[in-house]
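Please go over the structures that come below.
Both complexes shown next keep chain A, but they swap its partner, so chain B is in the first and chain C is in the second.
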Partner chain A sequence: MFGESVRQLMAINALLALSIYLTLACGQLSLANAAFMGIGAYLGAVLTLNAGWPFWAVIVAAVIVPMLVAVLVGLPSLRLRGVFLAIATLGLGEVLRVVIVNLRATGGAEGISSIPVKTHDWHLALALAVALYLTWRLRGSRMGYAFEAIREDETVARTMGINTTRYKLIAFVLSAALAGLAGVLKAHLFRAITPGDYGFVQAVDILTFAVVGGSASFLGPALGAVLLTALPELLRSNVLRDVVNFEAGWQTLFLNGVILLLVILFLPNGLVSLFTRQWRRPTPLASEPATVEAT
Partner chain B sequence: MTLLRVEGLTRRFGGVVAVDDVSFTVGAGEIVGLIGPNGAGKTTVINLLTGLLRPSSGQIEFNGARLDSLTPHRIARAGVARTYQNIRLFRGLSALDNVIVGTHLRTRASFAARLAFAPAVRREEAEARETARALLARVNLGQREAARATSLPYGEQRRLEIARALAAQPELLLLDEPAAGMNPAEMDVLIALIRSLRDEGQTILLIEHNMQVVMGVCDRIVVLNFGRKIAEGTPAEISRDKDVITAYLGEEE
Partner chain C sequence: MPDINWSQQLLNGLFAGSAYALFAVGYTLIFGVLDILNLAHQAIYMLGAFCALVLVTGNVAGLGPLPGGMQLPFWLATLLAMLVAGLLGILLDRLAFAPLRKRPDTHFSGMISSIAVALIFEALATWLFLPQRSQFPAGTIRPGAVTLGQGALSYSRVLVIVAALVLVVLLTVLLRFTKLGKAIRAVAENPKAARLLGINVEAIYSFSFFLSSALGGAAGIFYGLAVSRLDPTMGRSVELKGLAVIILGGMGSVPGAVLGGYLLGLTEVLSVALTNTSNYRDAIAFVLLFLILVLRPSGLLGARRVREA
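Entry: the complex of A and B
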């Protein structure tokens, strides 16, 4: 029911949503995903156009380099908590933008156009399958429990023997890998990239996927990404077209803002909370036993 | 055999000396009570022992090795687990999942192995779950597995925290006012639990206000007042000690 490019964009955005899910699952409000996406996109484009690397090698590089940058950036910045980490990681995006604008290989403020189309649907399907598998297997794993403990109470997690620095770094690095992957695939799909594509707006969009979908489960952000990508298209194509002239642009931003607000007000745990288990009040134990059973 | 040796432990907060030149030991298998009026510095001692605070001076030795410059997770790995005076359960997790997190130090499985569906990982996860179930049963929360931790009544939350700490199989268990807010029936359950732990040889440092609990389970008692150690001895000796009576027991009348 959607055009090809919308379906492809859904897959890319779902990858980005899973990228931010990994850090949120570990309690870290990082907004570096857009920047890592930019690194993947630019590195990929340059390696394809200037170095003539085969596409598989380009993808590998566009995944690994953001991971390395994540290690360097993560070690100092993951000490920051909450909104301070968010600001610091947004700063990374600004630094990246300045670097890209001033390098010759990256085409300056104009960006790079005419990147050959190399991403096929099976690339997207495979990437998304890998990302979904990774995030699905996280729940219930030793590392997944460590992530949850850190998200709930980092201090307590530490006194339970969890190396919180290590796990936060792992979450940040895996998150960077998925973002880099999304970046390189998107660049080789839509052919043109500019420095502005990976700034504040993109960072907030990615966060919006997770907030709207809900980050209690990996399905939430993926769902949020698919819905928010589809929505403008739906509105463009139905009767509403006659009521408002729905062009992509500020209307999309406006719409995302309204949805974000509604979800935060009425569904604070996101759309996915409509489907997941609700906690029941425990019934009082029949009688409080007076002795402790031996085990 | 001495498991824990605290030597000249001091911690200042600005002008306040919360813990002032405190020394004591805890032998393997012993249950030592740490008592004193509110603000005496008991919780600060536990925070120093678990690495959440650094001592201003003094030493902490555990199993013959220095603990006082290690990070909290390394101290936990060395064999020290704790509960919190102001209960700090993982609020969003079920009772069972809280205890499963506690098994972190007793499990090894890597995420990569889990991605590959390695049988060893599945076995380890099943074992951790069984351990957690057994611990919940042990603290009389067998029927609470699926309940959200913070929906439980107060006394049950305290026992759940103990189960979570025990899941790490610590050599030294630090309990910070485990009976606070408990009714008499819950207190009896707690006393029975601490006794059964002692029978298994569990070493415990117990902070507690309730004299029934302290006198009922402790082998030895250390008394703090204004950060200083003012007495140390058996429950019988402590209940006769003049300084303690004026500083602490007298206060309750």
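Entry: the complex of A and C
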């Protein structure tokens, strides 16, 4: 029922949603995913066009380099909690944008166009399958329990002997890997990239996938990504065209806002909680320290 | 070293700094009172600017002329638009923040719901005021410029500097010396204790949003007039720089936001003058932000406390 490009975009957005799920599962509200995606996309495009690397090597590089950047950025910044981590990681994205605009190899503000199409559907299917398998196996594993403990209460987790810094860094680095992968696959699919594609708007979009779907289980973010990617298409479909005229762009933005607001107000565990029985108790989106009232 | 016109650079820096400061005081006020990052502040900034434009021109771009075709003088339009922006702030609080106040994850869900409301506001603005660039009609403010030494600054830019000064002083007086200001500070300190002392905490929240948003709206109006550019996404760039400013000054600290605003404005202008290129100007704010967060999370003037959540 959807065009080919919409289906491909769903897969890429699902990868991005799983990428932010990894950090959310560990209680970290990081908004660096768009930046890591940009690193993967730009590195991949440059390696393909200027260095002539084979596609598999390009993919490996576009996964590994964001991981290295994540280690460098994560070590100082993962000490920050809550919204402060979100702000710091947003800043990272902006710095990256300015650097990309000013490097010669990246084509400045116009970006890079006419990247050869090298991503095929099986690449997307394989990447998504691996990502889903890994996030599924996470629950119930030693690492999964560590993530959950940190998410519930970081201080308690540390008291129990969990090396919180290590696990937070692992979550951050894995998340960067998935985002880089999504970036390089998308660049070799839609052929053109610009620095603006990886800024605040993209970061918020990725967060929206996870929140709307629900970040308590790995299925939520993937579901959210698929639904929100399909939404503009559904609105343009024949069924609805007679009811409302969705030609202009503002209606999609409006609807995205309304959906996000309704979900955060009434379904704190996301749409996925409609299907599972998880709505007994809202799972916090990320760890908040127990409120200590000064008396 | 390039030949630099220092008075011109100083004026440019003051202008940019005033715009940042005016945007950031409202932003930081909400953080101080509610400990919440209000990512819809930029949308209110944008709506405030458009509201003044509509009152000045008597025309809504996407719908047509207002009934009666009234056109107000700029000063009156500004006051009314600030009032509307303030009311929108109260609406924002009721929609996005109030329902989540009792939730354990209120900081995160509040931030996300404010993003949602910002999307809604932006969509409505695109519909009502059209996506392209608008500007205040010529003659809204006296053309010409003030000269100082070798520098010159247009009246509309001088207005930004003066407005920032006046509004920040008024806000400081209100917070420092009035009973209302005392109540706001009490709620910021500890809402439970404030409630025990007989302060209507919810009313203080509403009033804080009114104040913050009226100031944000004013920032949008004056800046939009000075650079003659209004569009539905005009708040996005200032939003991230505003974050850098309030982190720099110390989140929740009004004097800190003012200091941070001027520091950022002057640093940016200076960097352009010294390197003779504006390429890296936009990165300064975020490198500063990152360094401050990592090295001195409480900011320049913020209270020393652990930066959690």
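Of note:
Simple rule for what comes next: the second predicted complex is superposed on the first by the 268 of 295 C-alpha atoms of A that agree within 3 Å, B and C clash if a C-alpha of one lies under 4 Å from a C-alpha of the other, contacts with A are read in each partner's own complex, and residues count from 1 in each chain.
Basically, a contact is a pair of C-beta atoms (placed from the backbone, for glycine too) under 8 Å apart; a residue touches a chain by one contact, two chains touch by 3 or more.
Everything quoted here is computed from the prediction, not taken from an experiment.
In the superposed pair of complexes, A:Gly82 makes contact with chain C only, with no contact to chain B.
In the superposition on chain A, A:Val99 contacts chain C only, with no contact to chain B. Measured by the number of chain A residues touched, the leading partner among chain B and chain C is C.
Of the two partner chains placed by the overlay, only chain C lies in contact with A:Leu29; chain B stays clear of it. Of the two partner chains placed by superposition, A:Gly52 touches none, neither chain B nor chain C. By the document's definition of touching, of the two partners only chain B reaches A:Ala149; chain C does not. Overlap of the chain B and chain C interfaces on chain A: residues 282, 284-285, 288-289, 293-294. Looking at the complex, you find that chain B touches chain A at residues 50-52, 71-73, 75-77, 81-82, 84, 88, 90-93, 97, 100-102, 104-105, 107-111, 114-115, 121, 124-125, 134, 137-140, 143-144, 147-148, 151-153, 164-165, 168, 185-186, 188-189, 192-193, 196.
Contacts from chain C toward chain A in the complex involve residues 37, 95-96, 99-100, 103-105, 107-109, 111-113, 115-120, 122-124, 126-127, 131, 190, 192, 236, 239-240, 243-244, 247, 279-280, 282-283, 285-287, 289-290, 293-294, 297, 307-309.
Residues of chain A that touch chain B in their complex: 133-134, 137-138, 140-143, 145-146, 148-149, 151-153, 155-164, 279-282, 284-285, 288-295. Here chain A touches chain C in the complex through residues 29, 76-77, 79-84, 86-88, 90-92, 94-95, 97-99, 101-102, 200-201, 204, 207-208, 211, 248-251, 253-254, 256-258, 260-261, 264-265, 268, 282, 284-286, 288-289, 293-294, going by the rule given at the top.
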